[in-house]
Structures are given as structure tokens and as C-alpha cells.
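Both complexes shown next keep subunit A, but they swap its partner, so subunit B is in the first and subunit C is in the second.
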Partner chain A sequence: MLKNSATERLAAVALVAPFVIIYCWMFVYPTVRMAQLSLTDAPLIGAGHWTGLDNYRRLFSDKVFWTAVWNTSYFVLLTVVPGTAAALGIALMVSRLSGWLQSLILTMFFLPYVLPVTVVYLIWQWLGNVQFGVLQFIVVPFVGHPVNMWRTIPWFMPWVALITIWWTNGFSILLFLAGLRNIPSEIYEAAVLDGATRRQIFTRVTWPLIWPVTVLCLTIQLILQLKIFDQVYLFALGGRTAATMVLVQYIYEQAFQRNAGGYAATIAVALFVIVVGFSVLQYQVLRMRGAR
Partner chain B sequence: MIAPAIAPQGRRWGTINLGGALLTALTLICACVWFFPIYWALVTSFRTDDESIKSFSLLPEHPTLDSYLYIIAHSKLPIFYLNSTIVSLAVTAITLVMSICAAYAISQLEFPGRRLLWWTILASFMIPVPALIVNHFIIIASVNLINTYAGIVLPLLIAPVTVIVYKQFFDSLPREFREAAVMDGANEFQLLFRVFLPMNWGITAALGIITFIGAWNNFLWPFLAAQDETMMTVTVGIRAVQDTFGVAYARLLAGAVLAGLPVSLAYLLFQRRVTQALTLSAGIKG
Partner chain C sequence: MIRRILLAALATTILMAGAARAAETVVWWDFLGGGDGIRMKKLIEDFNAEHAGKIQIQGTTLDWGVPFYSKVQTSTAIGQGPDVMTYHASRLPLGVSQGVLSEITDADMKAMGLSADSFNKTTWDAVHVDGKQYAVPFDTHPIVLYYNKDKLAAAGLIGADGLPSGLNGADNFLAALQKLKAGGSKWGISTVTADGSFAYRTIYSLLCQQDGQTGGDGNWFPGDNQAKLAKAVDTIASWVKAGVNPPNSDYPTTVALFTSGDAPLMINGVWEVTTMSDLAAKHKLFNWGAIELPVLFNHPCTYEDSHTLAIPNNAGKAQSPEKHAAALEVIKWLENHALFWATAGHIPANKAVTDSAEYKAMQPQATYAVAATHGIFDPRSKLAGVASPMFDAAGNSFTPALNGETSAKDAAAEMVSTMNALK
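This part shows the complex of A and B:
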């Protein structure tokens, strides 16, 4: 028996070793080093001096940092709730269909989700092109003249938010569809027999039963969009990035364009704290779901 | 008794449901609007350069493959393809094997630190990977792996979700399997790869496809780690094509179509698996 558990332990160590090594090397270690680096004035590559909390003091009075916090929050506001609402609407529409028509329509809604971000960027850059873009046919009647969406600061975030919803919504749609499928059809049949109208069926049956999935989608989207970088970076290329800065982009700029590794790590710690804060919230929500 | 017209699924009652038909039509219109950007990119990529900036017709007036041929011949796209394939396959293979082994040990074996490891994995779910880019770069640079495949692959191997999904799968299998196989003198590796894993290849297929798509699409890290054009993945490199070609829109979009093609095909061919993987990773039973 003793020998048995010894070999079991040996096998376990051999099995977890590759994972643990990569994990410590690419995850635990960089996380610890990030905190350490944020207390120095080190460049990206090379040693720096210990500066205590100087970077953090600088962070709090750094205008661009607060612009990045504001833009990130604004972006979250523009994407999370509208995106989830759109996904629920689409899922409700798709779920009433069946057979090949359902697969076709779901594919049309889902396909953007699997595209690389640069492809999404190229597609929408062409669509919104100020000279030749088809979207100008929609813009011109409202504004009176063609608009360069990602070079006009007030248009920038809503534009990128719209594209992000288009791009990432497939995931939420799938979750809602799975959730809708899990509602037993007997409940609907009973509601119909009781004379419920379409509206009543939605507000009294579908909505309460789909609420847990809604919360799940909202929290997943929230955490995802706090980490926004790719689309904002691509559309801001060549523009006034300071005005449209988001948090991850500021980390990138400080580290890789200004060679300020220490300060970049400080911004990273701030992002870290924000995301972990919201994740703890998400975990609580998920646990509450699990307890039901 | 009840007017069938108000039934949400009117077809069941065999009546023609006007409201339902209208809703279906509306759904179809929404789907077409949603899909239009992709359609428009496709159409543009088959136009001549001249036509692309003049014509708004729904079909190319003189369909041509010139843009595709040009971009394959005059850009580094073929090299980007090779790089993406190598990186994505490596990430997928290593992530799966690592996760399977770790999840099996955590689920089925007793060893010191098991609970600690599991909690670390669960907690790591919360850590924003983009916050780690600075230190990833420092680590990868310190071992001289910037601009190498290994350097691009390593930070992409963090996949707590894959381990969590596999652990839940192994947990769901009856304990008797293990006991019976151990009696027969099987060792843990045989047990894992001959008994446990083959029980449901579907999960491995699903997670494999989604890991591949994720690796192919990753932008931020490959963008930092591949500084030389010959090391860029498709997702990073296709943007560089823009700088070379300037305002040749048909060519740019042909490049975009080619860049998105492998992942789109992976999705279209394995739709069910992709759906399964995504719902599993969110903890919903599909």
C-alpha cells in the first residue's frame, strides 16, 4: 500500500511538472516581478534604481493615465450592456428558427467572432473609409458630410465599440442560445394554455429564466472589455493616441515606445487591481449561480 | 379554447402564423445586415483596384482573382502563413498535452500540493494577461528568445480554462474505471492515454480547435515578440501589408480574406465542436 501511494505521487509529479514549470515561468514569476518592477525606475531592458512609491505618486497625478481610465470605462459602458442586449435579441430571434435556416442565420451572426482582429480592422477601415466607404451613405444624411470616424475624437470610442460588439458578440449569442435551449418547453406550453400573451411569456417566463445567463454574459464581457487594446491601437495608429488612450495601450506605450519599464509596470499593477477586483465580483456571482 | 395565433410556436398548431413569418423575415434582414461587412470585404477583394473605389454594386462587375495573385506573389503572406501554422499548432499541441496531464493528476491522483495547485489555477483565471506583457518581454528577452518561435509560443501557453474543463471531465468519470485498470497493472500514463482520454475525444477535439483559433488570432504578444517581418504571424503581419501597398483596397481586402480564411474554415467545418468548447469554457451545458 505504501509503495502504491509512493508511485502514485511520483506519477503525479511527472504529470503536473510541465504545466507547473510553464505556469510558474510565464505566470507566477512575471506577476511577482511586475509588482517589484513598479517600485523602480528601470528601463524596459536593464536594471533600475529602487524608487519606492514614486511611480504610484506619479500615476495619480498623470493626466494621460486618467484619460486612459476614463476611456476604458467609457468603452466598457458602450460595449457591455448594449452588446449583451443585442446578443439576447439575436439569440431570441435565432432560437425560434429550426433546421438549416437556423444554422445558416446563426453562422452569419457568429462568423465575425472567429476572425483575427486585424482582419476585422481591415474590413471596417474599408467600410468606414471617408472617401470610398459604404457606411458614409448612412453617415452623410445625418451629419451632412462624410466623417472620418477614427480620426474624429468624439466618434472614436463609439466607432470602436460598435465594431467590438459586432466582432465579439458571437460568444454571448451562443451562451444565450444554450440558456434558452435549457428552458423546458413544458413551461411555455403551460403558459400558452393559461392564455399568456407573447409579451407575458417573455417577461414572466423567458426573462427570469435567462437572467443567470445574462449576468454571466455581462460579467464575461466586462472583464474582457477592460482589457481592450487591439482595436483601439489599430484604429489610433497615426492619430493623436493620447486622446484615445486605453489602459493596456498606455502600458504598451510607456514600456515599448518610451522605454519606461518601471512606470509601465505601475500602470500594469493598476490594471491588475481593477480587473482582479471585478473578477472577484464575477466569481461571487458565478458561485451564487452554482448554489441555485 | 385558445386562439392559436398567439402561440409562440405557431407551426406546431399547423396554422400559418403571419406574426411568425414577419419575425422570420426580420431575423433574415438582421442577419444580412450583420453579415454585410464580411460580404462587402469579399466582393471588394474580387474587384479590380479601379472598380473598388468607384463601384458600389452588390456583385463585382468584372470578377478577378488579380488581387489574390498579387498579394500572394508580392507580400510575405506565405511566410506569415507558415509562421502562424507553426505557432498555432505548437501552442495547441503543448497546451493540450500539458493540460490533460495536469488535469488528470489533479482529478485522479493524491499528491502533496494538489489543492494549492488547483486553487492557483482557479485564481489565475482572474489575472489579466495583457498586464504581464512588460515582464513577458523582459523574461523572453533575457533568454534571447525574442524573434523566435519559442519566444512567441511560450507566453501563449497560459490556459487555465483548458485545465478546468478537463478536470471537470475526468471528475465526471466513474472511479471504478481507475480501480479496475490499476488492478490489471496499468500505470498512470497508460490509464490516462488509453482509458480516460479515449472516453471522449470530442472534448479534446473541441478544446483543440478553440485553442488553435485563439492562438492564430492572438495579436498583442506576437506583435511584441515578432519584431522581424519574417517572424510575424498572419494576424500581425497582415497589417504590415497595408504599409507596403498603401491605398490598394482590393489587394488589402484580398489579404484580409486570406488571413481570416483558415479560422473561418475551422469554424465552418467544426461548428458543433466550437460551440461545445465555448459553452463548456463558460460553464454552461450546451
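This part shows the complex of A and C:
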């Protein structure tokens, strides 16, 4: 049957319209409004006065903002690649098991992932408590005295990173495990017949074939960790928040505590730019690696 | 027969609907999550039982601090706020600037049978912003000194009246702490040192005890007040340095060190009274008590705040006269039943309650109630108050100094420059 291209176009528009409308309404419009807001001195609720680029000028000379940029980047550095590498390692080990033992071990690794952040916070708060915490038995022989990890600035980010990896790794492990199962066993058999060593099998077979999953994990982790907020907020509560500040936390503080909606929007725009920048960079790096 | 049952059912439904319509519902929000929250729920239950068919409180407890105040701000902006809510007196200046609160008029006060004379002057002043009243004080809650009577007695620090003695004066106090430690206690005192914004309450009290004052926007600690602030910080830091106060101690740890007997003294809010009385009721606690903060400098002075009852200014949804009357009845009833609230440790704001014989027999409440007459509230600014930028600034500046990472002088300087830069 011959189809009229005009009706075809109409059908296409009708099918795409729901998505486009919702996308414009729920994403594009708020984003534009946020950018507009960043040019005003608006409070959290209600309109403000147009202040031009004042907020941006303030942003560039704001020490806490730059601390937040550094802390967020540092956190990304500490979690994304190490976390993904740990997940791959664990997945490789778990995949060598079989039957109920594999399920059991996998469950154990996945368990932290289902915990809400408040529970994670309380568990580690107790474990690390400077007076009663069991972790101090490990810390004291190395440092000589108990350390409050959440108040000693150089310890803060690495600890939060470690806890975050412990907490969120289950999902990456699951993705890697699915990827490993998708590699046909014939390839491994052929490699063994050709006399490949374990190391060669990993670098020549497993690694290239698992690469797409690795890219997926890295991307998910990057976007997730750039938006770090809850762990840092909870662990730093009442302490030296200006030194441990991360970007989303700073947006929250400005908007909800300082009642500065306009300035909070400015930081949000900056975060948006940073996320886009990181994503493009990562995409390019990963594409280069993939093309090799 | 069936028809009669149907008719009866219909009649009952109509009657019940009528009754339900007659009962005014008062939506209530509070941020009371601890032992005091349990007591508030009991008060609300009692109110509802007493006002069955007339007024019913529909209570919700939200998270203390910024989450509560954000929720109030956003919901009142769209007319979805509660009818009555708890509010910290120290947050009222910020709340008024956000347009969150309705004024309490003289007619309202008259309807509740209350007046300025019902409250302490400092507390009464604390519910006014620019000369207008925005809330009714329900309690005052200072910080107090909790003590382990057994250990203090062993160290000879209990006087003839059965109360702690020999604790006045900064040097004398430190000597007493060292004596307690020498007597076999793990620590002399337990105060929160991992959270400078909590320690701020003690530091602010010690600033006031030195006749220190806070200024306002752009000039927060004028003249020698910065030096006095440094001295206040240094006082706690000196306890940590001398090894009589645990360093980097967070809130739960601080309480645990006291209740376990490791620290015979603790500075904390009166809201911890419920923890002690509940443990004591189970015979799991030593002889304990609580007194007003000792005078470490020139005169007694203690940080305090007040839980007040306020009516939000719901945008585009003014309270109907019936609803307003019901809200006032709720406040009035609570003010008159605040004696039970005193079991939560808080000092009732209504003087009629604190003057009663029942309150005077309540221990240790009646002993530390004097603190309310020497109380000082947070500076009257929208930058100050609980969970405010000032609390954050205190957390950032004081936390390292309390634990000896920076000097008290630097901490005071940082506090001053952070506060002065705020707008």
C-alpha cells in the first residue's frame, strides 16, 4: 500500500509529541528558568530583582565554591575509576564460583546497595566512633591515637569515598557479572587450546569484550558521583562544612538555609556546565580507547 | 425490618457527618523527635480526648532544623501550611523576613487569657520582631550542667545543700575537672567537641558571662568582644588540652560518656532530661541532677532558646474565624497544661505553671529553672538562630579550635570575618 508522506509525518509527530512535550515542560523549561533565576537576587520563593552577572562575579571570588569544586572533583577521582576497578575485580572472582555459593557471595556484596543513606551513615558513624568505634583498633596502631575521620579534613573525602564504593558497588558488580556471562565460553575454550595464559586470556579476551560494560559503569558512576550530596552532608553535619563542601550541598545550603534562590541557581548552572564538561571529556577519552 | 435498619444506618451516617463537621480540625506540625516528642504526642492525645466533637488536633512530626523550616516556608507560600506549629524563638526574625508567620494580636492574647506578665521578659521579647508579636512562648530551654552526684560527692564537690559546689570560676572549674579525673573518672566533663555549632551554645553563654555582646550586620563582635569570644572558645579548648574533656566527641558519644559514668559532668540542653529520667526509672542510672551553668566569669548567664507556638501565614488562605478560635484554644490549652511538658526538661514559659507548687516539687527541673532568669537568646538577626548561617559559621570556626588544631584566637577571628561577610 502506498503511503502519503504527509500522513506518515503526522503519525511520527503524534508519536514523538508526548515525549517532546513532557521533555520541554519538565526539563527544558525549568532549565531555562534556572538560568534566568541565576541572573536575579531572588529568595527561595518569589521573584527577585534583575542583577545581571553579579551572581557570577560573586561565584568566581567565592572561596567556598572553589572548595566545593575541588572536593567534588577529588571525590569523583577517588570513586569512579577505583570503584569500577574494584567492581570488575569482585565480579571476576564471583564469576568463578557457581551455584548457591555464587548467589550467597553475590548477595553479600549487593546487600549494602539496598540500604538507605541514613542507615549507611549510622553504621559507619558507629564503626568509626572516636571513643567506642571498632575501626579505631585499626587506626590507633598506625596513627598512635584515635582519629575522628569526619572531623579530620585530610581523612574526610577518602573515607566518604571508601564508604560510597562499599555502598554502591553492588550495582556495578551486577552489571559486570551480566557482561561476563555474555562472553561465549567457546572463545575461552579456543584461547585455552591455543595455549593462552590466564593473564593473556584476561587482556586479550575478557577485557576487550567487557569494555562496553566498563564504559557503561564508568558513565553511570561519573554522573552519580558528580551529584554527591547526602553522604557528605550527613557526615559533616555541624562540623567544618566550609572545608568539606561539595557542589550540590552548596546549592542546598544557599537555597534552603540562606534563602538565596538566585545564587543557588548560579551554582546549579556552574554544576551543569561542569557535568557537561566532564561527560564530553569522558566520552572522548572512552571513544579513543574504544577505537584503538 | 430491612428498611428500618437502612433508616437507622442513614440517620447514624447523617449524625456522624454532622458531628464531624462540627469538630474543627487543627493541623499541627512540630519538630519534636526525641523524648519531648513522646510527651507532646501525649499532650495532643489528652487535648483531643477533652475536646472530642469540638476540636481535633491532627499532628505531624517533621525533621528538626533546616528540613522543618524549609517545609514550612515552601508550604505556607502555596497555602498548604499547618494551622499551628512549633517554632524556635531564635528563628522568628528569619521567619518574619520570609513572610511565614501571622501576627499574634492583643485580641488573640486576651482570648487566650495571656499577657506580657505571663512570661519572663527575655522570653517575651524573643517572640517580638520590630515591635510585633509573632508567636506565643511555650517553654525556654537553656543548656545546663548535668552531674553524677555519686562521683561529685566522692571528690568533695557536693555542698551542704546537696547540690554541686566549688565549680565557679574558670580556673577553679578546671581544677575541679582535674580532681574528678584524678579520682578515677575517665574524663572530668563531657561536652560536644566534634560539632562547633553545638558547642556554640556554651561558648555564647561564656561570652555573655564576660559581659560580651554581639553586634549586628557587618559588625558582629565589636570592640573587645572578639577577644572575649576567643577566651570563651579557649575555656573549652583548655579542658580538652588538659585531657579532662574528650576531643572530637560527637553528640551521642557525649551523652553516652555521661550516662555510662565515664564523665561525671556534662553540658547539654535540658532536652536530655528525658534520657536521664527514663534511665533512672529503669534503675540503670546513678544519682544524677542538673544545675544552671556555673559562673566561670563575672556573672551567671546561659544560652537559651524557646519553643514557641505560632500560626503560619498561609498565602491566599486566611484562617476562618472558627479555625482561628480553635487554633487559639489549642495554644491556650497547651500553655495551661505545660506542667506535663516540664517532664521533658523544658522550663514552661507560662509563669503560672512555674510558680505552681507542683513544678517547684519537680526535680531537677525546679533547681535549674533559675537559668531562665539569667538567660540570653541568640542575637536578634535573620542570620542567627538554630540551624542558621551563624550555627554553620560556629561549626567551621570553633570545631578545629576546640580540639587544638587551631588557636582560639584564630577561631574567633575566623568567626568574626565569616559573620561580617554575611548578608
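In the analysis below, the second predicted complex is superposed on the first by the 246 of 292 C-alpha atoms of A that agree within 3 Å, B and C clash if a C-alpha of one lies under 4 Å from a C-alpha of the other, contacts with A are read in each partner's own complex, and residues count from 1 in each chain.
Rule of thumb we're sticking to: a contact is a pair of C-beta atoms (placed from the backbone, for glycine too) under 8 Å apart; a residue touches a chain by one contact, two chains touch by 3 or more.
Everything quoted here is computed from the prediction, not taken from an experiment.
In the superposed pair of complexes, A:182 makes contact with subunit B only, with no contact to subunit C. Of the two partner chains placed by the overlay, subunit B and subunit C both lie in contact with A:256. In the overlay built on the shared chain, the residue A:131 is in contact with subunit B and with subunit C. With both structures placed on the common chain, the touch criterion links A:48 to neither subunit B nor subunit C.
Shared-chain residue A:241: touches subunit C; no touch with subunit B.
Touch criterion met: A:148 reaches subunit C, while subunit B stays clear of it. When both complexes are overlaid on chain A, the residue A:272 reaches subunit B alone and has no touch with subunit C. In the superposed model, A:158 lies in contact with neither subunit B nor subunit C.
Subunit A has more of its residues touched by B than by the other of subunit B and subunit C. In the superposition on chain A, the residues of subunit A touched by subunit B in one structure and by subunit C in the other are 44-45, 129, 131-132, 256. On subunit A, the positions that touch subunit C within their shared complex are 43-46, 125, 129-132, 146-148, 150-152, 237-243, 253, 256-259. Put simply, subunit A touches subunit B in their complex at residues 5, 8-9, 11-13, 15-16, 18-20, 22-23, 25-31, 33-34, 37, 44-45, 90, 93-94, 96-97, 101, 103-105, 107-112, 114-119, 121-124, 126-127, 129, 131-132, 134, 166, 171, 174-175, 178-179, 181-182, 188, 192-193, 195, 197-198, 201, 213, 216, 220, 223, 226-227, 229-230, 234, 248, 251-252, 255-256, 261, 264-265, 268-269, 271-272, 275-276, 279-280, 282-283, 286. Those residues of subunit C that touch subunit A in the complex are listed here as 66, 70, 73-74, 77, 94, 97-98, 194-198, 246-251, 253, 256-257, 387-389, 391-392, 395-396, 399-400, 403, 418. Of all the residues in subunit B, the ones that touch subunit A in their complex are 2, 6-9, 19-20, 23-24, 26-28, 30-32, 34-35, 37-38, 40-41, 44, 52-53, 56, 97-99, 101-102, 104-106, 109-112, 114, 117, 120-121, 124-139, 141, 154-155, 157-158, 163, 187-189, 192, 213, 216-217, 219-220, 224, 234-236, 238-239, 242, 249, 252-253, 255-257, 259-260, 263-264, 266-268, 271, 274-275, 278-279, 282-286.
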